[in-house]
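What follows is one structure encoded as structure tokens, with my remarks underneath.
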Amino acid sequence: MDIATLIGFVGGVAMILIGVFSSGGSVAGIFDVASVFVTVGGSYASLFICAPMNQAIGIFRIIGRCFKRYNFGEKDTVQLMVSLSERARREGILALEDMLGDLNDPFLKEGLSMMVDGHDGAQIRAILENEMAQAEARHMEWANVLIQWAGYAPGFGMMGTVIGLIGMLRNLEDKSRLGPNMAVALITTLYGSFLANWLLGPLANKLLWQNNREMNAKQMVLEGVLSIQTGDNPRVLATKLLTYLDPKTRAAISKDVLKD
Amino acid sequence: MDIATLIGFVGGVAMILIGVFSSGGSVAGIFDVASVFVTVGGSYASLFICAPMNQAIGIFRIIGRCFKRYNFGEKDTVQLMVSLSERARREGILALEDMLGDLNDPFLKEGLSMMVDGHDGAQIRAILENEMAQAEARHMEWANVLIQWAGYAPGFGMMGTVIGLIGMLRNLEDKSRLGPNMAVALITTLYGSFLANWLLGPLANKLLWQNNREMNAKQMVLEGVLSIQTGDNPRVLATKLLTYLDPKTRAAISKDVLKD
Amino acid sequence: MDIATLIGFVGGVAMILIGVFSSGGSVAGIFDVASVFVTVGGSYASLFICAPMNQAIGIFRIIGRCFKRYNFGEKDTVQLMVSLSERARREGILALEDMLGDLNDPFLKEGLSMMVDGHDGAQIRAILENEMAQAEARHMEWANVLIQWAGYAPGFGMMGTVIGLIGMLRNLEDKSRLGPNMAVALITTLYGSFLANWLLGPLANKLLWQNNREMNAKQMVLEGVLSIQTGDNPRVLATKLLTYLDPKTRAAISKDVLKD
Amino acid sequence: MDIATLIGFVGGVAMILIGVFSSGGSVAGIFDVASVFVTVGGSYASLFICAPMNQAIGIFRIIGRCFKRYNFGEKDTVQLMVSLSERARREGILALEDMLGDLNDPFLKEGLSMMVDGHDGAQIRAILENEMAQAEARHMEWANVLIQWAGYAPGFGMMGTVIGLIGMLRNLEDKSRLGPNMAVALITTLYGSFLANWLLGPLANKLLWQNNREMNAKQMVLEGVLSIQTGDNPRVLATKLLTYLDPKTRAAISKDVLKD
Amino acid sequence: MDIATLIGFVGGVAMILIGVFSSGGSVAGIFDVASVFVTVGGSYASLFICAPMNQAIGIFRIIGRCFKRYNFGEKDTVQLMVSLSERARREGILALEDMLGDLNDPFLKEGLSMMVDGHDGAQIRAILENEMAQAEARHMEWANVLIQWAGYAPGFGMMGTVIGLIGMLRNLEDKSRLGPNMAVALITTLYGSFLANWLLGPLANKLLWQNNREMNAKQMVLEGVLSIQTGDNPRVLATKLLTYLDPKTRAAISKDVLKD
């Protein structure tokens, strides 16, 4: 569970409610079903025009990913690559074949098995880099769906308000209904802005952050595999991979992996 | 038929209508011919200034393409390239000449026939990459026309409202007409925003997505052709091309193409 | 004459007039000399701060270019380069010297005369690519002047309205003048938005499009000249250059130039 | 202490207060606790959705860094690298090992100790460049958190105002409360805009500036270390490094370091 | 004196005054000291947060540079480089040493003296290119300060108006003061927009233009120096450098420098 996303999710709603109550309003006063249809429904409809079916429908699954905590395992990766490197130096590259079954990371497994199969370094690099580029392109497409949604939501919010205003202006007789009608008209503007600033925009950003971390971890694996294949000293490999860690994590494990 | 585009097209209108009816309005209340001229007509006129004649007129044909379902055939491409590769290994590159007639993809045909004609790899790559760059540039020009249109529409919507306000303010005597006149003035703002957020912006995005998929498929063909020419093992070729597929599709065919 | 620019020019005005008449206004009602000064004059004054004198003054000449039809001659270029290539193969590169006088395109002439003078390929490429980069940079500077103008115009429109409102608010006694004064104040907003969305933004875009086409044509000439110098087969040269054409144009001439 | 940040911090508040007092208002009149919750709290909640926990919480520590004065020591770096270079020429590269303990800059120490350990130039460059790229990526992530915050704050400010308006419109009976209620509603717009334009946007920019300076200093160290390893003349090294300084600083030390 | 900047400076003010007088206002009516503090002062305070002290203070000196006319001397550069090249061919590279004292351009002097000192071409290129990159980075930092300022000014203008509205709404009793108070509140919006659209935005653009011209001139010097070092024929050097000039300037001097 990515607690941060949950905190933001609940916190944003709470802050809005503080605003509602302090201005003498109520939850009922800012809730309106038709406004949900116009703002959320309308901007979601636009996603079907801007993206393929599977992305427009699958976006909720991706939103769910923002609530999940991922361990990109940069620290573990350094330690694992160093131990693989030591073993390869001691027992030869083919000795790594036995370890393939124990590894969880499919990216690492792919790299090692190509190495064991005798592919040359340039080929391994090209294939793994294309894996990364394709994964990143897929992540970007998902983030783009959210970015598009965040862009359309305030537009539909504004349209809802304009529609409400038009309805109100065409029927000005009942003066007592003017205020409430105008109030309802404004609700879509609130929803559109809330959706964009509290949910969709930030979620897109979290996807981009997750992608950055994942690509960093994959890059470490890539450099590690190629370093093992070249027959680098495990200490050299550790030096290379440590540069991918932030200073604190690096300090925590550098003694360990730079031992000999 | 790209059902998603249709769903978005219909869904967006439906959501707006929910807003209209819930605010006590009617379809007639938000329909105004002059407003269509100002918003749709005005912003469309701008396209003739910003683009050449054939693009300003042809944009409707391109919009039609967003309602058509394309099969970029990434899965089939892997299987086809592997079988071409196997044949080339067995019977030599020239044996592929007989197959040229059966192929549908002009890009693949062009690559293979250059190979059969004896062009070297660098030349084939240069020509095919220029094909891709030119195709992408054409797609980008079309998407840009839609992006421009999406940018001008809200501006003309706002202009229409300002014009309506000016007309109204110059003639304030008939108080009973104030509300309805103001309502009509706002209709252009609604149209401009709807056009941009529901149609033109999302359509531009779908064109960009179609382009990405097409370029990905072409890149696979390009790598495949060059791999065949180099005489790569079909298994190596399959490994390379599989990296272009998303994990699910890849899992579905990897056993098949990585057989031997 | 670029008819498209003219259509857009006239069409945009027509659509705005439909809006004016349908809202019961008149041309006189949205025309105001002082508003022209504030909006057009004010934003044009900003151009003198943001650009050098010759660009601020010369921008009208550049706007004129958007009304002119250019033939970038991509189709003719292929045919010309192929015939030059055939002659060079038959009679040697020096034979092209006689043809220099008959050529209109200064870029092609420059490339061929360097070739005839015996410059090597890398040098010809470097010089022609710098020609292209410099031409593109000049085009971009002009487009940027229009983009800046399009950016400032709505700002001055808004300023004019604020100034009008300030004047009106300081003098609220004469109630009968309130409406008309407010109407006049809004005219600058209309002008600013119209200028940006109907004229300046689209014109900048047309300049960028003209630049793209011109650079594409120059790239074809560059590749053609280098191909002739390398002594490529005219058929190979034609294959290369055809990739620069859109599919329709290509189909129209490919039989002709690929005759071999 | 970065006095500039402090001046801006205090100055911005002072200018706003001038505005408040000159319009006959008071500090109490623009202070509202609920508005702080909606604007600051709401946009801060969004940060938990858009960034990982440690960034959302740690952003205050990073804001603190903008109040701290850093000495990126570009001038000292030139002099230090020249003296290291002279020593290396006189006594050999290994003589630098004794100096490692006296150096403060961990980046320089890392470079020199790799050199002393006998790593080759390409490897040292690759590792140091990755150090720089990773440091820059971390800085960019922090700046991005501020940029996101600056983007959400005006949105929440606007939402607060809409919420206030809705509350007010639903309860129009007490005419005497209309003005004050509207006034309170506007306070969130003020806060959101102030937060973005006075604090968060500018702070993000200062982080980017600090990053630029730091990267420039690191680049100097990198070039210096590689220059020492290549055995460049100290004068050549000084010539190279001086190009990284602005003209004034350069003039101040060039005689000194170009002595020989 | 850059007359264009002056024309724009005076012209923009004049156009605004036309707007003021035509709407029945007066200079006094749009002048308000507190509004200057809020808008100009407030946004200037933000510069101290977003930039280092010396940039926040020095920005006025840089603004002054936009009123100064620079001669980037592209035409003279061609002629000078050709004559240097001719001399180097006749009398050897060392003969250029005597001319160093007569040259004004420090960039050219640096390049030539490195050449005379016997540095190799790659080293000269690396050092001169770093000089250019560092100069450009400094120019960009200054332009960025103006761009930031232009971005904050309308924000502070809007804040001033909101503050004025809040003050007015809290004190609605004196109806006769409503109009004038509202008028004063709007003045900051006017100032903020004027500052951004008439002054700060355009000035940033002029700095960018000056930078482009300066970099173009430096690039010519760089290519010229390297061409002299390689021992190119002066005619070849002239051909190369002429491509950096616009067609008109080029036509004016090409006969002269291509004499051979």
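As written, the chain order gives the labels A, B, C, D and E, with residue 1 at the start of each chain.
The rule we apply is simple: a contact is a pair of C-beta atoms (placed from the backbone, for glycine too) under 8 Å apart; a residue touches a chain by one contact, two chains touch by 3 or more.
Quick caveat, the model's predicted, so the values are computed rather than measured.
The chains in contact with chain D as well as with chain E do not exist; no chain meets both.
Centres computed as Cα averages put chain A at a distance of 25 Å from chain D. Averaging Cα coordinates per chain places chain C and chain D 40 Å apart.
Not a single residue position of chain B touches two or more of the other chains.
If you walk the ring beginning with chain A and heading to chain D next, you pass the chains as A, D, E, C, B. The part of chain B that touches chain A in the complex is made up of residues 2-5, 7-9, 11-12, 14-16, 18-25, 29-30, 66, 178-180, 182-183, 186-187, 189-190, 193-194, 196-199, 201-206, 209, 212, 216, 236, 239-240, 243-246. Those residues of chain B whose C-beta lies close enough to touch chain C in the complex are 32-35, 37-38, 41-53, 56, 114, 119, 123, 126-127, 130-131, 134, 137-138, 141, 144, 148, 151-152, 155-156, 158-160, 162-172, 181, 184-185, 188.
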